[in-house]
Structures are given as C-alpha cells and as structure tokens.
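In what comes next, chain A is part of two complexes: it sits with chain B in the first one and with chain C in the second one.
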Partner chain A sequence: MYKAILYKEWLKIRWAVLGYIIVLLGFLTYIGLEVRYWFGMNDPISIWLMVIQKKILYYSAIKFLPVFAGIVLAVVQFVPEVVKKRYRLTFHLPISETRSLLFMTGICTGILLLFSVIYILGLTIIGGSFFPREITSSSLLTVAPWLLAGLVGYLGTAAIVIESSWIYRLAYALMFTPFIMKLFAESGYNEFQFSFGSYLLVSLFYTIIVLFPGYRLRKGSK
Partner chain B sequence: MIAKISRYAILLIIVASLSIILPELYWMLFNKPIYKPTVYYSTVLDDFIYTQYTDKNNKIYSDLKDNTYDRKTFETMVPFSFYYDLEKWGILPESVKGLQITPKFIRYNSQVLRITPRDLNTPLISLNPLIESQSDFARLEMPGELFRIDQKIEFITALDNSVNDSMSEIYNQALIDQGFCFPVKIIAGNPTTRKSFDEGYFIVDAQNSVFHLKKVKGQPRCIKTDIPSNLNIRTLIIREHSRKEFYGLIVTWTDEVYMITYDNYSILKLPTEGYHADDMALLLSINPLHKLISYSDSREMKCVLLDNDYKVVNRYHSSWTPKEEWISSKVAAILFPFDIETQSRNSDYKYLKVNFNGITSLIGILIALLATFFCKRFVYRDELTNNWFDFVIVAVSGIFGAIAVLFIRPEPWD
Partner chain C sequence: MENVIECINLTHYYGKKLIYKDLNFTVEKGKIFGILGKNGTGKTTTINILMGFLRPTGGKCYVLGEESHNLNPQTRVKIGLLHEGHVCYEFMTVAQIEKFYSRFFPNWRKDLYFGLIDLLGVTYDHKISNMSCGQRSQVALGLIMAQDPELMILDDYSMGLDAGYRMLFIDYLIDYVRENNKTVFMTSHIIQDLEQIIDDTIIMGRQKILLQMPIKEFLGSFHQYHFNVNGRLPDLDYDDTVANWESLKNHYTVYSFKAEGDVKTYLENKGVSIKDFHETSMNLEHAFIGLTGKY
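So, the complex of A and B:
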C-alpha cells in the first residue's frame, strides 16, 4: 500500500523534483563561477576580508530557493488531490487519513532533506575551494534557517492547499508567514547561532499541522 | 485525537506568529524617538553644554542653566569640537586656557572611541590579518595571509588557501617562548589599513594572561603584558592613535572599563560607574585639554569629564522617561501578555525570546477570556467542555490565543 502511495506521489512531484535539482545545481554553479570570477579579478585577501568584515554573503543568491522548493512541492503534490476532492478517495484505503497524510508529507520532507544535502554539499565544495574552513562552516550555519524555512514552508503550504475553506486558507497563510519570514531576517553570518535550536523547536509544530485540514476535509467541514 | 492535537499545533503557531507581529505593528504605530542630548564640555563656560532635539524639526543649543544659544555662538563655546567651522569663519582663537592651538594641533590631540552594545554582541569569524607594523612604505598594506588562533596559530595564504607552515611555526614558537598557553580566549585588534600605524593584536590566553603580538619586519614580536589575569576581560577595543597615549580599552564582564596605556601596558580604570555594556553606548572623546566619557541607554545619560591626568573634573547626569513608563507601554502590557523578541537594537544576533509583560497583562487576559467565552457560547454555540484546552491557551496567551481559537474553531471530534 505504502509503495503504491509512494509511486502515486512520485508521479505528481517528479518534474518538480527534477526541475528544482536542475535549478539548484544551476544556481550553485553560478555562485561557484561568480566567486571564481571575484578571485580572478581581485586580490584574494580582499575577498576574504570582504566576507569576514563586511559580512557579504556570497551565497545569498540561493537564499529563497529552499522555501520556493517547499511551496512548489506542496502545490504540485496536493493541488491534484484537492481538485474535485480526489483526496477523499484516500479515505477508502485500508490506512487512516493520519497515516496517509503523514506518509505523503514525509515523502516530500525526505526529498527536501535530500535537496538540503545537495545545497550543503554545493556550498561546502565552493567554500572549501576558495575560503578557509571558518568561512565555509559559517556559510553552513548561516543557511540553516533558510533550509528550515524550506521545510516549514512546505508543511505550511501543504496545510493551506488541503484546507477546504478559503477563510481558513487565508488565516493559515497570514499566520504561518511571520515565523517563516523571521528565518530570513539575518543581515550577516552566524546570527542564528544561539537561537536556531529554538526556531527548530517551534518548527516541530509544523510537522503535524496538515492533519487538522485533512480531518476537516474528511468531515466535509466548511 | 491526533487531529485535535494538530489543531492545537496550528493554534500555537498562530499564537507565536501573533506575538511576533502584533507588538511589532503596535510599536510601528505608537513608538516615538527618544531625543537624547549630545553633551560637550565648554572651555568658555567651564561647564557642560548640550544640543538636543525637542521634536523632529527643532534643535536647541543650551547650557545647564537653561540659557539657549544660536548654533554659531554654541560652536564658539566648544572650539575643540567645532574648530573646522571656527577656522572657516576665521574666528578660531589662537589659544584656549593658555594653550596655543591650531587646527593641526587640535586634530593631532583629539580622539574619539566608541563602544556600542552591538560591537560586543556580533558574530565574527576569527580570521585576522597581521599587518606589518614597521613597513618601509608610508601606507599600511594588507598582508597576503590571514591567521587563525585557537589551539595554535596558523597563517593561511589567500592565494592558494593553504596553511603557511613555516610562518605558522615561527609565530607559534614566539608565543610559546613568552609562556603563552593555548587555547585562546579572546583576540582583539584593529584589522584595517585606514590608520597611520598598526599595533597588532592583544590576545588573552587560557590562563587569562594578556599578550601583545605584532609583526615587525616580517618577524613576530610577542610581549607578555602585566595586565592582571583576574580582570575577567570580556573584550578589548584596540584603536591606534598617533599620540600613543593608550592602545585601547578593556571592557570586563563586570562592566568596568580600563585603558591600556603605552606606559608598559599599565592599565587605568576609567570612572564609569553605572555603565552596562550590553545596553549602553560608551563614547570617549579626547581633546587637547580634557577627556569626556559619556554613556547612555534608553533611560539616562552620564558624562564624566577628566583632565589630562585622568582626574575627575566634572560630572553630568540626565534622565528621561523610559519607554517602559510611557502610557503606550502600559497599554501594550495590558493588551499583550508577552511578546516574542526576534531581534534587538543592541545585538546582531537573532533571538526567539519571550518577554512577559507582568501582572497588568492579567486585565487583558481576563477580557480575552470573557470575549472568547461569549463568542463560543452565544455566537458560535460551540461545545465548550470538549474543548476546554482552548481556554487554557487564552488564559496563557490573552489576545493572541483568543484570536487563534476564535478563528480556527474546533470540529465535532471523532
């Protein structure tokens, strides 16, 4: 049963997954080339000092990619389900709506984590090629809230899409956004180093929010 | 059951979001600037004088006896601070208090050093350039490598991003020869070439001893200073100045401020009673006759005037109604039982810190509880006993919880 759901989910999201991987690799290549260009045109020490002292984030081009990926994945995964209320067919399967919803969101959470691995690997390769390890590790610490925003953005969008009432959708959209926006509030590196754990803790609440709209969908609530 | 828990998760997220966004919106509407005075010491009046905005468009120039002046008269009373204007107007006096002055003399004998809470609360990657301090050339130049110092000192060449082992070894040995104990606790310098000379770095080792490291003709010069190891140093602010009176300042974890003098690194405690490094900006302004220390936060400003022998000559204190005592703050405390602070003007770090607004917020909570009960009982006609936890949420989070539970209503649960 789970294998069948997995296959169904893959059919829906495969193009978005492949498209995002291409976009992500494209952006990473661009950042790599841009940094290489900087080093080719300037004194390397001035680039290092620009990153350290002026706190220029050379990887800011990929700041919003994870949250973009999360939103797109949620849309392509759940919009086909809510159009003509197809998702209600799932209620006839021999697994509960809770399990099926958590499994479905689990699949895309796993995919977003895979995206994050590519993201982190790319930054590690670029950082390791041009910068001392302190700058590379600070880049990974700095992007951690952005990657978290991807996961939270996905879970929030999934809940919004599954929700059957437009008023609730609007309320969710308004209320899920402030927290996500705060994850992009940095103006330099390592600024979340003491608070990332707290943000992670609040994000845990997002892992189950999809179940209430699912329940409302099954009940036919307006 | 799990759907019910899911709803509570949504409610908690909404409460968190509202407690971030509503207080922010509230203060966008009701916040107003605090007009702090800018204090000078007038060598003409032999007393403090100040400028202060009374509103956005009105700036007064006044002394402590409430005499007000026009801007030009005011500036003539503070010749060391406005000598460039006085020079332009051709009225710069030839001497002040018997001291012959010229713009060049004033410039040479003036220094301003500022420490803000943000300077102490900002993330920094600990990679620093060690600038040649006795270059053959007039201008300072950035070296081709940065160094990291933790368990040992390592120089990394920027050209190929590799460790320069030979250089690292020479500097390691220089530190060890002076009795340096790794790992490093604090390193402080002024890594810029926009200054006339370089004094390298002051480094606090594992035993709290302070070492001075600089590069002289490509070679290390490391000195173990006599700065006491029990100072409980929080940070050092190093600022080179041609007068070579002091290397910089030490701020301790007990909010004391010391000056590291050029007199064999002897330290001098500055009279900064009531200074709180995490909340107050400290300004040390030096002119040919005096040293003025001023420090202020959102409640008060204190100034201490020292003569050239660092003896206290005069003091100034000014306070104003702090934001916490504004009517809008009291209304906010009733409206919002708490707010979530995500950033502070005193720090570059981001937070997720809950600030409770005290006992007055019980009024707001009570109103929120009554409003919730009224809406649920008479408007929505919800099942109350089955969803009692909604009232717990409102009892804890007041208006935030009330909005959340009234918008996201419970379902008829399985």
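So, the complex of A and C:
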C-alpha cells in the first residue's frame, strides 16, 4: 500500500523534482565558476577581506532555493488532491488518513533532504576546492537555517493548500511566515550556530500542524 | 434480511439551516437503492454522510455495521465510491491508475477494468485528463468494479454523460451488480434512467422523507387523476387522499395513493362537480414530480 502511495506521489512531483535538481546543479555550477572568477581576478587577501571581514557569502545566490523547492513541492503534490476534492479518493483508501497524510508529507520531506544533501555536497566541493576547511564548514552551518526554511515552507504551503477555509489559511500563513523569515535573518555566517537546535525543535511542531487541515477535510469541513 | 446501510434519526444542519431531521432508512443487502429528491433536499448531504466525509449533527448512520464517519480502513475495502463528476486521479494514465489501485484491494479484478477500458478504444498510456467525461466515467466504474466491493455508493453517476454513455454505464452496472449480488446506493438527476435500475427508493422532500418503498410498489400504488371542473375548485388540502395537486385553468390533476373510486368520492364530498375524470399512467419521473411538485 505504501509503495502505491509512493508511486502516486512520484507521478505528481517527478517533474518538479527533476526540474529543481537541474536548477540547483545550475546554480552550484554558477557559484563554482563565480568563485573561480574571484580568484582569477583578485588577490587572496582581497578575497579574504570579502569573505571574512565584509561577510559576503559567496553562496548567497542559492539562499532562497530550498524554500522555493518546498513551496513548489507542496503545490504540485497537494493541489491535484484538493482540485475536484480528490482528497476524498485518498481518504477512502484502506489506510488511515493520518498515516497516509504523514506518509505523503514524509515522501516530500525525504526529497527535500535529498535536495539538501546535493546542496551541501555542492557547497562542500566548491568550498573545499577554493577555501580553508573552516570557511567550508561555516558555510554549511550558515545554510542550515535556509535548508530548514525549505522544510517549513513545504509544511506551511501544504497546510495552506489542504485547508479549505480561508480564515484557517490565513492563520497558517501567519503561523509559518514569520518563522521562515526569521530563518533568513542572518547578516553574516554562522549566526545560527547556537540557536539552530531550538529552531529545529520548533519545526517538528510544524510537522504536526499539517495533519489538522487533513483531519478537518476528512470530517467534513467542506 | 441483512441491512448494509442503516440510518437512525439522522439529522443535519449547516449552521442554523436544517437540512433534515430524524431521517430513518435502511438498505438491504443485494438491493439497488436510489435516493431521489429535488435540489436542496439533502441528497448530497446524505451521500457525504454515508461516504464518511461528513459527520451528521445528530443520529447515527451505519455502513456495513460501522459508523459511517468512523470507518475502519479494512471496511473501506468493501465500499466502492463513485464521486460526483467521476472524479479520479486525472494525472495518471489508464494503466497507472490500475496499477495504483490494485495494490489496495485483495480481490482486485483486473479483467473487469481492462474489459471496460478496451470498449473505449483508448490505449493504456492514455492520460485520464485527456479523456472525455464519458470515457472518464467508464474508468471510474471500471475501477470500482475491479475493487469488487460489497457496497457501491454512486453519487450522481449520470452527471455530464450523454445518452450513449449513460446507457453503457447502466448496462455494465446492472450486469455486474446482478451477477455478483452487490448492494448499490445511488443518486442521479436523470430519474428516468433509475426506473430500470433501482429496486427500492426513498424520495426526499424538504427536511423529511416523503416515502420509502420498492420502486414497483410506488409505481403501482401512486396514481395521477385528471378532471375538469366548472368554475374554480377551492384549494385542496394535502392529506391521506391528496398527495399533491395542480391546476391549469379549469383542468385539475390530483396525485394520490388511493384508488380512482375513493378519490372521486372524496372530491364529490367536497361538493365539487367534476367532469371527464380519468387516470393516466406515469413513469418514475412523472410520479416523482407528481409527489414532490414542479416547484
């Protein structure tokens, strides 16, 4: 049964997944070429000043890609479910609605993790090729909130898409948006070094929220 | 006789608006049951409650022995739902949707599904979103039949179908249901089609059930009488004799469950001078309108 749900979800999201991977690889290639250009055109001290003193993040071009991926994934996954009330088909399958909804969100969470692995791997390769290990590892800590924003963006968009009431939709938007904005609020590197764990814990709470609009749909809010 | 559906004192409100109160009905195993009613009488509400997508404000509704809004996932295996508009996963192809559903139902009958699809002359990689409404209805019916459920709940199967596809749908449905002793609970806006399908019916009026009986009994016991009067007849009351009535100038039509002689005597006792009193036969659609009124 779970294999069948995985199959259905894959049919919905596959083009978005492939499209995002291409875009991400494109951006990573661009960053790699850009950093190489820096080193070609500037002396190492200038680059050091840019990266360390001026806190210019050489990977800021991909700052919003994870949240963009999360939003797109939620839309392509759940819009087909709510159009023509197709969620009724899903909720009539011989599997509990909580499990099926958790599994469905779990699939995209897994895909977002896969995206994150590619993202981190790309940055590690680029950073490792041009910078000392400290800068590379700091870049990973700096992008961690951005990656988390991708997951929260996905959960928030999913809740908003699944929800049938505009008032609840607004409530979800108000609940998710400030948190996501906070995750992008850095003005340098490593700023979430000591607080990231707390943000991660709060994100777990958002995982449960997505079940609520599903429950409301199942029990007849629409 | 075993009841597949049993609704007891079913009551539903949308906000403060009462849809119906204390509705009671049962559906026996092996019967094709039609729910008829004008727009706004609560057909869709009842279907939604039976499908488990709406919790009734009051009363209980049992489907295969379980409360409809709290069905065990394993019970859902035994219930096939056809949603209004033949909703299905349109982003899938004919073959993909079969592959998907077959994993959920242990008695999956692939042959029934592809048998119906082959009639459409479409390839198995045909995307459902590119199909006509009629073709989609066959896909939806094929999937329910392949599921091999004990109970089929069909919400307005005729919506958007032309006469040919309606007939095709009915032919396959009847053949399948009779051959496999299935129970069906259905609605349709095309009442004339239901006449040849359903065994039992409930006809819903505003906030209540007007009648529940086998369709043959209804058509055999409900009469339409015509007559002319001199002058104007005083307004008739709705009572045991007059289920409904209508007039056009001095021509009157009375609908009643009483025999011709009884109705005639009833009218004469009202002091009405009637001429050309006669009965005309009715099909289900006429009888339905006769009972519920045109407005």
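We adopt the following convention: the second predicted complex is superposed on the first by the 221 of 222 C-alpha atoms of A that agree within 3 Å, B and C clash if a C-alpha of one lies under 4 Å from a C-alpha of the other, contacts with A are read in each partner's own complex, and residues count from 1 in each chain.
Throughout what follows, a residue touches a chain if its C-beta (ideal position, glycine included) is under 8 Å from a C-beta of that chain, and two chains touch if they have at least 3 such contacts.
Here the structure is a predicted model, which means the values were calculated and not measured.
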Item to complete: Report for A:Leu93: first if it touches chain B alone, second if chain C alone, otherwise both or neither.
Response: second
Worksheet item: Does chain B (first) or chain C (second) touch A:Glu134, or do both, or does neither?
Response: first
Practice prompt. Examine A:Lys84 and indicate which partner it touches, taking first as chain B and second as chain C; both and neither are also allowed.
Written response: second
Discussion item. Can you tell me whether chain B or chain C touches more residues on chain A?
Written reply: B
Worksheet item: Which partner does A:Phe179 contact after superposing on A: first (chain B), second (chain C), both, neither?
Response: first
Item to complete: Tell me which partner A:Phe115 touches in the superposition: chain B (first), chain C (second), both or neither.
Response: neither
Discussion item. Which partner chains sit in contact with A:Met1 here, chain B, chain C, both or neither? Use first/second/both/neither.
Written reply: second
Item to complete: Using the superposition on chain A described above, determine whether A:Leu11 touches chain B (first), chain C (second), both, or neither.
Response: second
Worksheet item: Which parts of chain A are touched by chain B and by chain C alike?
Response: 219
Item to complete: Could you please specify the touching residues of chain C with respect to chain A in the complex?
Response: 48, 51-55, 69, 73-74, 76-77, 79, 81, 83, 85, 87-92, 96, 99-101, 103-105
Fill in: Residues of chain A touching chain B in the complex
43-49, 51-53, 98, 129-132, 134-135, 138, 159, 168, 171-172, 175-179, 182, 185-195, 198-199, 202, 205-206, 208-212, 214-216, 219, 221
Fill in: Complex interface listing, chain A residues touching chain C
1, 3-4, 7-8, 11-12, 80, 84-86, 88-89, 91-96, 218-220
Worksheet entry | Residues of chain B defined as touching chain A within the complex | 2-3, 5-7, 9-10, 12-14, 16-18, 20-21, 122-127, 129, 142-146, 148, 156, 158-159, 161, 191, 342-343, 348-353, 404, 407-408, 411-412
